[in-house]
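The structure appears below as C-alpha cells.
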Amino acid sequence: MELIIYLAGEIHSNWRQTIKEQANSLPFHLNFVGPMENHERSDNIGEEILGNQPNTIFKDDAASAMNNLRTQVLMQKSDVVIALFGEKYKQWNTAMDASTAITLNKPLILVRPEKLHHALKELSRKANVTVETTEQALQVISYIFEEE
Amino acid sequence: MELIIYLAGEIHSNWRQTIKEQANSLPFHLNFVGPMENHERSDNIGEEILGNQPNTIFKDDAASAMNNLRTQVLMQKSDVVIALFGEKYKQWNTAMDASTAITLNKPLILVRPEKLHHALKELSRKANVTVETTEQALQVISYIFEEE
Amino acid sequence: MELIIYLAGEIHSNWRQTIKEQANSLPFHLNFVGPMENHERSDNIGEEILGNQPNTIFKDDAASAMNNLRTQVLMQKSDVVIALFGEKYKQWNTAMDASTAITLNKPLILVRPEKLHHALKELSRKANVTVETTEQALQVISYIFEEE
Amino acid sequence: MELIIYLAGEIHSNWRQTIKEQANSLPFHLNFVGPMENHERSDNIGEEILGNQPNTIFKDDAASAMNNLRTQVLMQKSDVVIALFGEKYKQWNTAMDASTAITLNKPLILVRPEKLHHALKELSRKANVTVETTEQALQVISYIFEEE
Amino acid sequence: MELIIYLAGEIHSNWRQTIKEQANSLPFHLNFVGPMENHERSDNIGEEILGNQPNTIFKDDAASAMNNLRTQVLMQKSDVVIALFGEKYKQWNTAMDASTAITLNKPLILVRPEKLHHALKELSRKANVTVETTEQALQVISYIFEEE
Amino acid sequence: MELIIYLAGEIHSNWRQTIKEQANSLPFHLNFVGPMENHERSDNIGEEILGNQPNTIFKDDAASAMNNLRTQVLMQKSDVVIALFGEKYKQWNTAMDASTAITLNKPLILVRPEKLHHALKELSRKANVTVETTEQALQVISYIFEEE
Amino acid sequence: MELIIYLAGEIHSNWRQTIKEQANSLPFHLNFVGPMENHERSDNIGEEILGNQPNTIFKDDAASAMNNLRTQVLMQKSDVVIALFGEKYKQWNTAMDASTAITLNKPLILVRPEKLHHALKELSRKANVTVETTEQALQVISYIFEEE
Amino acid sequence: MELIIYLAGEIHSNWRQTIKEQANSLPFHLNFVGPMENHERSDNIGEEILGNQPNTIFKDDAASAMNNLRTQVLMQKSDVVIALFGEKYKQWNTAMDASTAITLNKPLILVRPEKLHHALKELSRKANVTVETTEQALQVISYIFEEE
C-alpha cells in the first residue's frame, strides 16, 4: 500500500526538500506532490501561457487559474494532506488548501510553531492532528503503517 | 424567497453592522448570520462552558470547538457566503470559511481591498465574485432578485 | 406543495413572459425563476458593479461572474428546470445550465423545435422529457399534480 | 503518476490527432480518450446496434444513447477534461460535456478562439483555465508535473 | 413536524385510497404522494402531450419519460417511501422505485404478502422494515411520532 | 431560525426530560426529537407490529428495524445531535448514532462524565464539542444564537 | 484501460456463460463479475454460514444478506452494469440491481426481449441503452473502445 | 481482483492474528489493515509524538487524534469492514467504526457472540451480515469470489 501526500504551505522556504529527505529513512515509500515551488514561476505562469495581461490584477488572476488547476488535480489524487504554516507571510493559500482537504474528507496534518496556535485555533481543531515539526508529521504518517 | 447570508471575516471592526444597515434600504429582506462578534467572548467561550483549561493552548482548543460548531450550523443553513478580508490580521479563519463554502458549493462573494489581490489571488479565482466594498457585495445579492 | 421552476434559455425573446401567462390558468401555483432577461444589463452587470474593465474580454469575465452566481443560487432552490432552445443563437449557456441540472439530479424538461433534434440529440437523451412547446412543458408539470 | 485526459469537442476537424502529436514531445505520458471521431458512425451507431428505427428522430435517439454511455464511462475515468470550441457548428455537446465535468469536480481546460469569448463567457468563468490553442492546453497540463 | 410519504407500487388496485383512509384516524397529518393512479392515462400520457408516436415502443418510451419525471420530483420531496407488492403483475417499477429510495437514503417500508418473501428476499433485507399490510406500515410511521 | 436537536443516548434515565425543562428558560425555542424512551415498548415494537417472532434474536431484529427507521427519519431532519453517555450500560446505540451524525456532517455535542473520557477518547476527538452536563450542552447551543 | 462489467439478472439460464464466450473474440479484455450463479447455493448460503434458521423466511433473510454483500462489493468495483431480463420469473433482483446502478451513476445497459418493453418502460427510459441481445450489449461496450 | 479488509474491534485479544492465519488457506489473497494492536502504544502515541500533555484527558485527546487519522486513511482504502465485538470492554470504538463504515457505504460484517445480540440489535440490523465467528466472516468474504 502506497500513500500520496500533498504538501500544502509556503513556497518561500525549502521545507518540502527537508521533509522528502527525512522520509528517505522510512521503511516504506511516500509519494509527495504539491504546488510549484519556484515562486517567480508560480507568479508568472499565467502570462507564460496566456501572454501579457492588462495589469497585475489580471496577471495574478491568470496565474492563480493555473495554480488552482494543479492543486485540484494533485489533491484529488492524494491520501493525506500536510499543511505547514511558518511565522512569516499571510499564507492564505495554505489555509484555503487545508480547509478544502477537510471538507473533501482528506485526512489533514497541520504543522505550525506553537506561537501561531491562537491564530490557527479553529483550523487546528478541525485538523486530524496538529504538530510543530515536519519530523512529527512523518511520525504520524509512519504510525499508519506500524503494526506494534 | 428569502436568502440567508453568512458573513465570514474579521471580528475586530464593525463591518457586519455596516452591511446590515446598508441592506435595510433594499426592497427585500436578507437574514444575516455569522460568528460571535464579541472578540473576548469568542476567545473565552471554551472556558466559559468547560471551566479553566491547563494552559492557553488548551483554552484556545476549547474555544475553537465552540466557534467551529456555531459556524458549521449557520453555514449549512446559508444560501450565500460573503467573506471580507481587511488589511490587518492574519484572518486564517476567513480563508478557512471561504474555502469551506466553495467546497460545499455555497456561492461565495469575496470582499477585499485591491492591494490584497496578490495574496488572495488563488482564493479570488475560486470565488464566484470578488469585490472591494460591502456595497458592491450587496449589489451582487440584489442582482439575484432583479428582473430587469 | 409548491414547486420552483428555473427557466433556462435565451434572453432575446419573451418566452418566459409567455409561459408565466400560460401558467396562470393552472389550478396550482408555480414559482418561476431564471436569469436576468434584460440582455444589455446582463452584459454590463460586471462593469456596473466593478467599474470599467481593461477590455471586452475582462468586461465579459466580470459580467459572467455575476450571472453565474445568480444562476447557482436560483437553480439550487428549484425543483424542476425547463431549458428552451430556439433556432437562433449559439445558446451555449442553455446547454451548460441544462447539463448542470442533470448532474445535480434536478429533473429537466427540454423544449426545442423538432428541427433542432439532431444537434441536441445527446442532451435530449439525458433530459427527463423533450417537448416542442412551452404549453407541453406545462402539461408535464401539471401531470405531477394530477391524480386521475 | 499518469493522467487520463478526456478531449471534448467537435468531431469535424482533426484537432485530437494534432494534440496527441503535440503531446508526444512531452517528458511524461498522457492517455487521451474522447468521443467517436468518425462522424458518420457516431450518427449511425444506434441503428448499427439496434437496427432500423422508425424515423430520424428515433435514429438520433438511439445513437445518442450509445454516445452518452461512452462519454459517461470515459469521463468518469479521466483526471482532466479539455473542451475545444471551434468557430463553426452549434457544439452543444461540447458545452454539455464541459458543464458535466465542472459539476463532477473534474478540472476543465477550455480552448476557444478569442472571438468566441462573449458567447462562452459564463462557461469560461466556470472553467479552471481558458486558452486559445491546444499547445497552451498542453502547457497547462505540463505545469502539473513540473517542479521548478 | 409533517412527513411526506411516497406510495410506490401497483396502480391496478385501490390500496392507496385504503391507506389514506386508514391514516385519517391517526393523531397527526401525513401527506401522501405517488404515481398517476389512472392506469390508462399513465400509459397514454406520452402521446397526450407529444402526439402520436410511431409505434407502441415509442409510445411507451414517451409515457415513461413523464412518469419518471413525476416520480423523481415527488420522491425527492418525500421523507419515507412505502412500497407495496401484490401477488399479481411484474411490478418492476415498484422494485425500481424501492431500490432508488434505498440508494438515496430515503427510509423504506416494504409491504408484501408473506408468500412473496422468497422472490423479494434481497430487497426485503435492504428495506428498513418489511410488513404484510398497510395497517402495519402506518403503525411503523406512527411509531416515529409516539413518545411512550 | 429554529433548530431541531436529536437526543441520542440511553433510555433508562430521564435525562431527556431534564434537558427539555432546562431549555424552557432559553430565549429561543428548540425542537427536541429522539428514540422511543419507553424501553419495554422499544424492545417489543417489532412483535407489536409484525406479531410473534420465532425467538428472541428475531424479536430483536424486528424491533431494531423499527427503531432504526425512526432514528433515520428524525436524525435526517435534525440540525444538531447531542449524544449522552452515562456510566452504566453498553450504550452501543449511542456510539452508533453519534458516529452516524459525524459522518453525515451533523454537528455533534458529546455529553459524558469525565471518568469515561478514556473509553470515549476517539469519539470525543471526532465530536465538535465534549462536555460533562446537559446544561453545558445547552450553553453550546445557546452560543449559536448569541450576538455578543 | 480495462473495464469491469457487472452482469445483473436471472441465474436460471446460462446467459453469463454465453456473453463471456462472445466476449472472447473482442480485441480487448473485459472482466465480468456477478451474483452466485448456482441457484441452490444462492438460496442456502445463509444457512451454510449461519446454521439452521427457524423457518424459510429467516433462511431467506440470512441468504439475502450474503447475496447483497456480494453484489455491493462487486458493483462498486464495476464500470458498467448489464442487466438482462428474460421472459420468465419475477426478476425483482434484476430491477433492484439495475436501479441501484443508475442511482450510483454506473452506466446501465438493459437487455430484454421486445415483448417485455411495456412492463419495463420506466426502467428502460432510465437506462443508458436498451437492447434485445447480449451480442448487442457487447457491441455497445465495444463502441467505448473503438476509434473509427 | 484483490480486496482490502479493515478489521475493527478490540485490541486486547489476538483475534486479528487468528483471522489472518485462517485466511492463509483461502485460494485468493486478502489484505488486512486495522488499528494499532499494541494497546500501550495506542494509548501513548499522542505523547510519543507531541511530548508530555498536561493531564490524562489531554494525553488521551492527543492519542486519539493519531488513532483516528490512521483509521480514516485505512478505512477509506478498504473494500469491506469486519467489526468484532467480544464479551468484555465497552468497545465504543468498534461501534463507532462500524457505524462510520455503514454511512460511508462500505459493506460491513459484524462478528459477535450470540449473547450480545440484544445490545447490538440496531447495529446488527444495519450491518450487511452478522455472524458469530471469524471463520464465518471469512466464509462470507469467500462467497464474493466463488462461482458455484
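Lettered A, B, C, D, E, F, G and H in written order, each chain numbered from 1.
Criterion: a residue touches a chain if its C-beta (ideal position, glycine included) is under 8 Å from a C-beta of that chain, and two chains touch if they have at least 3 such contacts.
As the structure is a prediction and not an experimental result, all values here were calculated from the model.
The set of chains in contact with subunit B as well as subunit D comprises A, C.
Note on connectivity: the fewest chain-to-chain touch steps from subunit B to subunit E number 2.
Across the assembly, the mean Cα position most removed from that of subunit D is the one of F.
Interface residue usage between subunit C and subunit E, two copies of one sequence, is largely distinct: under half of the residue numbers at the contact are used by both copies.
Superposing subunit A on subunit D by their CA atoms means rotating through 90 degrees, a value rounded to the nearest 5. Centroid to centroid, with C-alpha atoms defining each point, subunit F and subunit H lie 24 Å apart. Taking each chain's centre as the mean of its C-alpha atoms, subunit B lies 31 Å from subunit C. The distance from the centre of subunit E to the centre of subunit H, with each centre set as the mean of the Cα atoms, comes to 38 Å. Counting partner chains per residue, subunit B has residues 65, 68 touching two or more of them. Of all possible chain pairings, those that touch are A-B, A-C, A-D, A-H, B-C, B-F, B-H, C-D, C-E, D-E, D-G, E-F, E-G, F-G, F-H, G-H. The residues of subunit G lying in touch with subunit D in their complex are 1, 3, 79-80, 105, 107, 109, 128-132, 136, 139-140, 143-144, 146-148. Residues 54-55, 58 of subunit C are the ones touching subunit A in the complex. Residues 56-57, 60-61, 63-65, 67-68, 71, 85, 90-93, 95-100, 102-104, 114, 117-126 of subunit H are the ones touching subunit F in the complex.
Those residues of subunit A whose C-beta lies close enough to touch subunit D in the complex are 4, 31, 33, 36-38, 41, 45, 48-50, 65-66, 68-70, 72-74, 76-77.
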